[in-house]
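What follows is a single structure, and I will ask about it in a moment.
The letters A, B, C and D name the chains in turn, as written, and every chain counts its residues from 1.
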Amino acid sequence: MFEWPLRVYIEDTDAGGIVYYANYLKFFERARSEWLRTLGFNQQVLMQQGVRFVVRDLSIRYRKPAMLDEEIITTVEVTARTKAGMTLNQRVIRRSDSDINNEPSFIEVLAEAEVRVACIDETGKPMAIPGQVAEQIQPVPQEQS
Amino acid sequence: MFEWPLRVYIEDTDAGGIVYYANYLKFFERARSEWLRTLGFNQQVLMQQGVRFVVRDLSIRYRKPAMLDEEIITTVEVTARTKAGMTLNQRVIRRSDSDINNEPSFIEVLAEAEVRVACIDETGKPMAIPGQVAEQIQPVPQEQS
Amino acid sequence: MFEWPLRVYIEDTDAGGIVYYANYLKFFERARSEWLRTLGFNQQVLMQQGVRFVVRDLSIRYRKPAMLDEEIITTVEVTARTKAGMTLNQRVIRRSDSDINNEPSFIEVLAEAEVRVACIDETGKPMAIPGQVAEQIQPVPQEQS
Amino acid sequence: MFEWPLRVYIEDTDAGGIVYYANYLKFFERARSEWLRTLGFNQQVLMQQGVRFVVRDLSIRYRKPAMLDEEIITTVEVTARTKAGMTLNQRVIRRSDSDINNEPSFIEVLAEAEVRVACIDETGKPMAIPGQVAEQIQPVPQEQS
């Protein structure tokens, strides 16, 4: 599972004092971009080659609010891959240190999403994920939940 | 069905030349705010009374991109209501004039979402939707799709 | 002076409960877009013709915060025009009804900016403002302040 | 001079393919927040103590556009400090490696701003910067430019 840490800034919050609900989608996209980068792909370069990844649909569940100034982690996990797309499980989590000595830190899931991404060409038509990208994207076997 | 027209500005677009995927959630929220306003409720006032509507989860399907400078319409339709929440169907649509005389305009759905909204109090706990709000919110019977 | 009304939504606010300071620049751009539209120009079309207006520099003074749910007005006034650019005075104002009968409404300036806009071609080089646009843009004589 | 690196994501760009002009103000605020953090101050905590830093006015000059996916650096430098405020010089810069061996990297200034920040209390009134914060904020002597 890929993890990308980020800080909550004032720009991310709203008058309710918490992260604005649309901004979790920004966090998810940052994590996807960084995940692709660690796999060796730069979206700017892919775009110049006529390859783009776009979100077809997503479901998000907001569990607990992320707060100003806290450091959170956004994750990416591939749960399925087809010729021209993939399904990702993405979470925004908070990792808290335990108060008790020698106890591991615990994790709270703040938001969780299933994101379906499609690969499209310059005209917007679906295309096969290029070979060298595809072979890097290996779905993780999913347990029943 | 409540309709709220809006214009796509540069702030809404991304380097792909289309509306950035997180920004549809902003459009949905604008429409929900205006819908509540037409029902006689101001969220600022509700918040001062300790009542807030928050999105619990949503599913969105992106069908066609909205483009810079075009006028689009965001809709709100209540599909279910419980004591402490409601489910909304929200769409971003483009209404195009027909090229043929005497033909009606046609509609393209650019994005469609199911949004579950909860009513919470100041401490973040679920609360019953206040009576005068609740009685204004009447779910539309849904056809099978 | 061109005026463009707009509503403050949750997306515009931050954890301080007021409009986030960067978002006034979004309001200014919306007003500039609508002002160009009333003059007969669509930025999407201009862009396809290789003409773009970009902000070179701006100074903004934040006087009073804009609040969630209030209706504000953003203004555009041309104070100077050169061959390849123009200087605009832009304000975000609140128009309040007087409490006293027969008294006119009064205006509060929430933010005020001087914005220098340049006309550039597809390569990013400065270009003369196209004739039919330029002739519509007439600077207002400025009083000494 | 404090430096804060950041990556340009799709959320930051607009249909022109470059960073949207309002988003530089977000970058500046991120850098200010991180600068305060390195001095030992957390804005969330300061806010709970009734202390807030707000931008009173700013001037920004856009020199060259920042591009999707590039890593840029945002800087903070205090140029003046008064009892209840300070003036910052902030830049967004690109550090490019030289193509020639043994040559140092060079710097391009993409945007440069002068930002006046005020310290206010819970009621929005100006207040003296708290002593332990103030003593950490030392203006850098400015050369004539």
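In the analysis below, a residue touches a chain if its C-beta (ideal position, glycine included) is under 8 Å from a C-beta of that chain, and two chains touch if they have at least 3 such contacts.
Please read all numbers here as calculations on a predicted model, not as lab measurements.
Participant: Overlay chain A and chain D by their C-alpha atoms and let me know the rotation angle in degrees, rounded to the nearest 5.
Facilitator: 180
Participant: Could you work out how far the Cα centre of chain B sits from that of chain C, in whole Å?
Facilitator: The mean C-alpha positions of chain B and chain C differ by 27 Å.
Participant: Any idea how many Å lie between the Cα centroids of chain C and chain D?
Facilitator: Each chain's C-alpha centroid was found; their separation is 24 Å.
Participant: Quick check: how many Å separate the C-alpha centres of chain A and chain C?
Facilitator: Measuring from centre to centre gives 36 Å for this pair.
Participant: Among the residues of chain B, which ones contact at least 2 other chains?
Facilitator: Within chain B, residues 10-11, 15-16, 22, 26, 29, 47, 68 contact more than one other chain.
Participant: Would you identify the shape of the chain contact graph, picking one of line, ring, star, complete or other?
Facilitator: complete
Participant: State the interface residues of chain C toward chain A in the complex, per the touch definition above.
Facilitator: Checking each residue of chain C against chain A gives 10-11, 13-18, 20, 22, 68.
Participant: Which bits of chain B are touching chain C when the two form their complex?
Facilitator: So the residues of chain B touching chain C come out as 7, 9-11, 26, 29-30, 33-34, 42-44, 47, 67-70.
Participant: Which residues of chain B touch chain A once you look at their complex with the stated criterion?
Facilitator: 15-16, 21-23, 25-26, 29, 47, 52, 54-62, 65, 124
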